[in-house]
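In what follows, structures are represented as structure tokens.
Look at the two complexes coming up: chain A is in both, with chain B in one and chain C in the other.
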Partner chain A sequence: MKYVATLHMPVPKMKSFMRFGMSVKGMQKTHSIRSLTARDSRNRFVTVRMRWFRTRTVMMRLFPMKLRRKMSTYRTIRTDCFMSDTQKVFPGGFVVIRLDTVLDPAVLQRSQMITENPVDITSVLMDESAELSVSVTQIVQRLKGTHLHSQLEKQAKECLHKPEIKLETLKDDVRRLLKASGWERKLQNAVYRELHILPPSGHPRAPPEHTKEPLEYMCKAQVNWEKRILKSLNSMCTELGIPLARKRPVPEQKELTNKWNEMGTDEPDLSKFRPVYAPKDFLEVLVGLRNPNNERSEDLTVRSHWGLIQVSLNVRDIPQMREMYPELGLTYGQLGIDDHTHVPPDLFESEHIHIGKKVVSEQDSAAAQQYSRQGCPTGLRAQLWSLILNTTNDPEDITHYEQLKARVINHDLLVDNLIYKDVKLTASNDDYYFVFEDYLYQVLLCFSRDTAVLEHFSYNSATPPKSCIQNSSGSEQCAMVYPPNGVIPFHGFSMYVAPLCFLYNEPSTLYRVFREMYIRYLFRLHSVSSHPSGIVSLCLQFERLLQTHLPQLFYHLREIGAQPLRIAFKWIVRAFSGYLSTDQLLLLWDRILGCDSLEIVAVLAAAVFAFRAENLMEVTSLASAEAVLADLSTLKVMPLLQIFLFATSV
Partner chain B sequence: MSANAVSCTIKSPVALQIGDAVSDSSRPGVYITDITLAEPVNIQEISFKNYYTAYLTVRLQRREDGSAKWVTCLRNYCLMSNPHAEDGSHDYFSIYRHQMLTEPDNVTTVRLILRQPSSEWLNFSIEEINIHPCAKEDSERDVPAWISTLTPVEEPLDLNHCGHVPVPIQLSFALEMDFLIQRRFPPAFSRCGHSLR
Partner chain C sequence: MSKNKQTAGHKGAYSSQRKKEGEGRSCIRYRCGLTNTIQDVLNQRPGWVEVKDDGEWDFNWCDVGWLRENFDHSYMEEHVRISHFRNHYELTRKNLMVKNLKRYRKTLEREAGRLEAARCDFFPCTFVLPSEYHIFVEEFKRSPGSTWIMKPVARSQGKGIFLFRKLKDIIDWRKDGSRSEEQKDEAQVESYVAQRYIENPYLIAGRKFDLRVYVLVTSYIPLKAWLYRDGFARFSNTRFSLSSIDDQYVHLTNVAVQKTAPDYDPEKGCKWQMQQLRQYLTAKHGFETVQTLFKEIDNIFIRSLISVQKTIINDKHCFELYGYDILLDQDLKPWLIEVNASPSLTASSQEDYELKYRLLEDTLHIVDMEGRLTGKEKRVGGFDLMWNDGPVYTDVGLEALGSSCLVENTLLDLEKCSIASLAHQWILCSEWVPSE
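Right after this comes the complex of A and B.
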């Protein structure tokens, strides 16, 4: 049947809507979008829920701040369901509208939103086209010179030999052929990936540091924190007298090449090394964050924060989370709940796996991200995550990995010892991950030499540490980034890699997936910033959720000196890696990738506290509170999340 | 950026408070800042950096036919979507001609009315105010001038205008390792700023 959607706005023809059998006539708007009414060919109004998951990415990034916020509240547009005379209501079609016209900015520009306030509309039009052009140009520049670009050119040239190509319609024919052979999809995936890591576009007058982190006091806090880390590393260097980098002698290189796959059997003397910092040191930094424009007294007043974090960031509460992530709701099937043994698979699981196979065969990044919001089946998870992160197994990637391996063999860095120490302390002692010890070395040693990671500092509030080298005469100074990737590993860093070892057994693929996950999400967990997925926002969100929905528990814990964040911080910093059982952890990370945000980690932390609330109300000290929450390995993640988000009375 | 800002005198903000005495316990929620321009100007853009102001109203005094008239050109423009939270509190904003309710021509004085209803913040203000005149007479809907420097896709774009952070220059890896190895003593780490100078 054909769906006809009525839009009321001067949009000539939304070609993209027609792809889904919807002919679009106009749209009313609420602020940005008011309502969307749709009729199917039987002339019944249907409920149409529009998920702009790709459009959202494009439009949310390109539209100015205010429209972005408004859009986020209307991401799910539900319309009134109109009963027809036969009293039959079509059971809610779920139509996915994707304006996958990133390649065709003209169509996007035509999708103008008209708002009531004249201020908003004209600025939207102006900023939208300006920002769009800038973003498009930035993405094009980034993709030029990549392997994909040369492959596309080669394919286009080969297309010219095909008989269907006519000179008059050359461009269209080549485009059509590229689309049919799947190359357009690869380009779309690449563009989608670039959109994820595009640095935020700021006002033309704003300096680059401002676009990375607008709040000055957070910038200062990050700078001071980095100074402290460097001082600690410095003192370790001086104490031990070990050089930052050392070229390995040839016999040692040979030995390492032979032992590459079993570095775990090595037992170097690491007793003198200690981790540069641990999560609890970082927590003290966050607790000490103060906004100078805000007065905070130590007493419990109406305005004080009960928790440890004393800054007022905009964090989402439960109603807003429900709107943002409706796929986690009670009416949606979830892997982690509906694939339980006593639920017949026909209800949800087999259909979901079938869709998953289709998504993988289509090789569509955006669809995979949408799909994984309801969980990824174990058999397809590796491919789906690769697709979401757009880490194809090109020969280019394998070569890059081999280069990094060569660098590891040729040179020995000081941070290598820190990595060894960290792996020995954390992953090797864990029941689930000790088998992957060798993989962890292979990935992390290469990671610390990968200069491509430096690119993420354009949107990370942190700055890579530099080492000042004086030449022999002492006159010139040259600063270079150390370690080469700019990331100093801390205690527990290897736990970011460990869960991925369950999915990938090829070191080059494993490395690529880890690197992509790090530069998209995991770096936010250990740098001070005001980003909604940054660690400060996550901690504040956790505390707010707990304070709002379990005030008695929060107050009780506060009174006995067991601030909840002190217990939950280690979970949040590691995104629960090492605390949950691995299948549950992978289900959680499915949702992180699907929702493109780490907020779900904060919600889970609050949900765990809610689950164990009765026991916690009876404890009388921090130590006993920690004992109650020491073992999370029996928890099931998805039921906890669902109950906390969708079954809590608000 | 676009045309140079006109010179203007920015008076210190005046708080609006009920009652006579200025008491310490209550903080004003409204500030008014006047900006006098040396000569009547057709305004193209007003740009500024926010510091915890939630809503902005802009009134202009225009010189028309010898008399000066006050008009409101922007009413309660929202700078911070949640006045209690930090979102938008330090951001840079630009208000363009086409966003204004009335034509900002022949303007002699600009009055900015800043409102911050939340009691969270000790102070709020607007900084780095720049008023840019119209470049050409005929441009009604003028795009920001920097967009005209945007070159078509085939040519490289000067990304320095778009907030692109320069990545520190990366030497070849081998050279870098040589540098690190050659020193005898562990170097002192330092933060030398964003880019090599």
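Right after this comes the complex of A and C.
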């Protein structure tokens, strides 16, 4: 045997796999299994960790057929390692097959909701397995310093004064009270949130970069790209003679404080500033990506020459997507289709709204996320999204926002001009979003100062850019992260915030939601990585879908020099913000949150091409193809997605 | 030119032919007093021919000035249509509108009780100056610190409007008025209304906005009114705060005023489609609240029209397209600001042009010079019949819902292309327009 697999379960628990219809061999003593046959759809309670010693081909062959198939469908598998035809052994490399997260009671609860098959979760929680305890410790550590922790403590202490608490059953009583008062749910939501951003726990011997990006050539590409951006930022700085940062003089601070709510009325001269980069510059980087192990170009298949993206990653095709997102299927009710005026509301909509209200009153993140897969009703969306993202608007969130605001008022950054420029170029010109101009400044300027954003670089393939900052004395130099949040805005960045303005009135709430959206999903759209939701995978998925299902169209467009990705890339980078009408965009983002993945964006891009295929077949140039696809504001997202995913013959 | 000649030549034959009430008429001769979107619409309507100068016409889209000069001494034949009612100002002049509404409210209070009368409280406290100056001063002193707005009754598009908080301002203004040359002759005739300013308007991202909704009245007795689905919200370009009382740009959302603001960017348009607004409000306040709001807005249209029903001289030659200006306050209560008889038809952007083009086209469909309608339609193009001598209920899905549940026929803000249930109407629409 070339591999060892360890299960995240105590021995007695492992036996229960058999009940789930899996046969497991050789596990009883060692916590390791020799073979695992998954022939059951309910095996979502298993987490298997495998260390591998040999290349993927060997590996794959050793797996039972069914598991092999299963593996490629589960999203947390780092399948890229399998796909890249590499002979290289990753020292300490590993594969995680998460059939589902075991740790998470909320997830289990969700699966209960689905299967209505009660599972004893307590024993899972009590699990002493080392792997699990690492994650648990991590989460506990992260939660310890938080406001929630101190509040829980306070609540627990207060409980002690209550008469119904008995000394003998102290622990249980306190637990019960916390549960009754809703604090347990809050804790659950907080854990759930941590799980979303918890980097996949690496093997102890794996270097930390692996959690950021396991493929070396991707890392290199990202590093080079960052160097380029930073260089261009620095050169702008020297060209214009504007410092990267400066303290504002007091009168200027006062002025800014006064017009904080109407920054849009200011018309600074921004003609000398240009966005550091635009999506199409970034596309060139992705087009240039090559896997060094795949250098022998004559070996490439015909298909890989077709598109712009030349690396191989494992992306889902339609049957896999169907399996992955069953809730989008034709048999499920969908907001965005079944709330149509000709469908009587009592068929689906009223019921769905009713459930939505229940979910909101339960305050359960996991349930909200599950619910969002079928779309959020307009009236409940703001609450549901906050719940999914577990953003609160506690006093300390407001304080945090106020602190950021103070930082904006105290210091002037070069990136502020980029933000101004970007808002003026995009949102202010938009028919819908122009109203929110002021909000965008309020959010984006604060965002650039928020060092809490830096945390996401532990799982983002990007690294925060550093610039030399001269000490006030001018003698010492030190490298500082610049901008403070480590994110350099590009052309179109403000469109990530704009749709959220539709939902939240309070700048501090709006800010929290945006930040959470960014560190969970949106950052993936502009950093080079092999993550399934990363931009490279999305582009590749888009191209593969078109190649597979509309080969003639793809060929035609390619022949006239209108590579489909050249047109679709700007949509994908912005997750369609600013291209779709707002109601449709929010319906799309519902699904992103609900499915916890950006893949749906790539599918929609392909679906748009399919929808306009007839017209596109008639065009003869890139310009006319672009013209056919210039206006997406009349499209209905959900019907397009459903038809493409579930009504296309495979 | 040749066409004109032809018509002139056939004049004798034509007038006898005309008795057949529109049917079989080879073309419709129109006169148009305005040079904007309406002209394009009329121009492009198949079978319609423009008459210049004093030629005879079947259809006249005139401005109110023309109406005043010519209406009383022109004879109109049966089929002829004109775009205003003779005394439309009963509704569209600010002082008269308020007078009519106040009277209607009193009648209601007497006949139907206080509760019913309270349904008319959708206009801000208003006084006509100078005639009601003393009552105004009384009211003004009763609510110290409040802001009032002065508007000339007969001018439109935000001309001559200012805000004040102290009585002194208005006294100064009166003196000013008597001194200035320009106003000297008009000062006697031109009266103003002083209106309680709505100090807590609903703001979106700190901006004030008002709603512009189009209502078409084809007859006052019986009252038949159509509501256009695609209204829009007009945003003020600058941010709202009561401290900047002198900055009239903040307070007025008329595009006409906005256009002269120093940083006005015509590209921006500053407008939201009604469905955009509805979606925004639903996201913030929930479905039911917004539903109520839109019902309240419907109520405003109907009550205001009923209040002038008996005053306006009904004339079957006349129809009128009104532009209603509605303001929302923070409690999502709609306020009627004013009604325009000649809403701005000049488009501010391509999208705006398309909206107005469709609006006017649909208006002409309803006015129905071609005689294509049966008279029983409840929806024509973007218009929904809102009132036909009584509330109009939709037929859609009545069987399913049970006859006890009546659904108002109006669909303000509904997306026009999404109404599959109205397919038959759309088929009807496409049948009317002769394809060429």
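We adopt the following convention: the second predicted complex is superposed on the first by the 502 of 650 C-alpha atoms of A that agree within 3 Å, B and C clash if a C-alpha of one lies under 4 Å from a C-alpha of the other, contacts with A are read in each partner's own complex, and residues count from 1 in each chain.
Here is the rule we use: contacts are C-beta pairs under 8 Å (C-beta built on N, C-alpha and C of every residue); 3 or more make two chains touch, one makes a residue touch a chain.
For clarity, every value in this text was computed on a predicted model and none was experimentally measured.
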{"item": "Simultaneous placement of chain C and chain B on chain A, clash or fit", "value": "fit"}
{"item": "Which superposed partner A:Cys501 touches (first chain B, second chain C, both, neither)", "value": "second"}
{"item": "Which superposed partner A:Tyr277 touches (first chain B, second chain C, both, neither)", "value": "neither"}
{"item": "Which superposed partner A:Val134 touches (first chain B, second chain C, both, neither)", "value": "first"}
{"item": "First (chain B), second (chain C), both or neither touched by A:His210", "value": "first"}
{"item": "Contacts of A:Asn293 with chain B and chain C, given as first, second, both or neither", "value": "first"}
{"item": "Most chain A residues touched (candidates chain B, chain C)", "value": "B"}
{"item": "Contacts of A:Ser530 with chain B and chain C, given as first, second, both or neither", "value": "first"}
{"item": "Touched partner set for A:Gly379, first chain B, second chain C, both or neither", "value": "second"}
{"item": "Partner chain in contact with A:Phe436 - chain B first, chain C second, else both or neither", "value": "second"}
{"item": "Partner chain(s) touched by A:Tyr521 [first = chain B, second = chain C, both, neither]", "value": "neither"}
{"item": "Least C-alpha distance (whole Å) that remains between chain C and chain B when both complexes are overlaid", "value": "29"}
{"item": "Common interface positions of chain A, toward chain B and toward chain C", "value": "none"}
{"item": "Of all residues in chain C, those that touch chain A in their complex", "value": "204-207, 235, 238-239, 263, 267-272, 275-276, 279-280, 282-287, 351, 397, 400-401, 414, 417-421"}
{"item": "Residues of chain A that touch chain C when the two form their complex", "value": "261-262, 265, 267, 340-342, 344, 353, 377-382, 428-429, 431-432, 434-439, 501-503, 505, 582-583, 634"}
{"item": "Chain B-facing residues of chain A, complex", "value": "65-66, 69, 118-119, 122-123, 126, 129-130, 133-134, 136-138, 140-141, 199-206, 208-212, 214-216, 223, 226-227, 230-231, 233-234, 237-238, 241-247, 291, 293-295, 303, 311-315, 407, 410-411, 449, 451, 454-455, 457-458, 463-470, 478-482, 484, 530"}
{"item": "Residues of chain B that touch chain A when the two form their complex", "value": "1, 47, 49, 51-52, 74, 77-78, 81-82, 84-94, 96, 98-99, 101, 119-124, 128, 141, 143-144, 146-147, 150, 153, 156-157, 159, 161-168, 170-171, 173, 176-177, 179-181, 183, 186-192, 194, 196"}
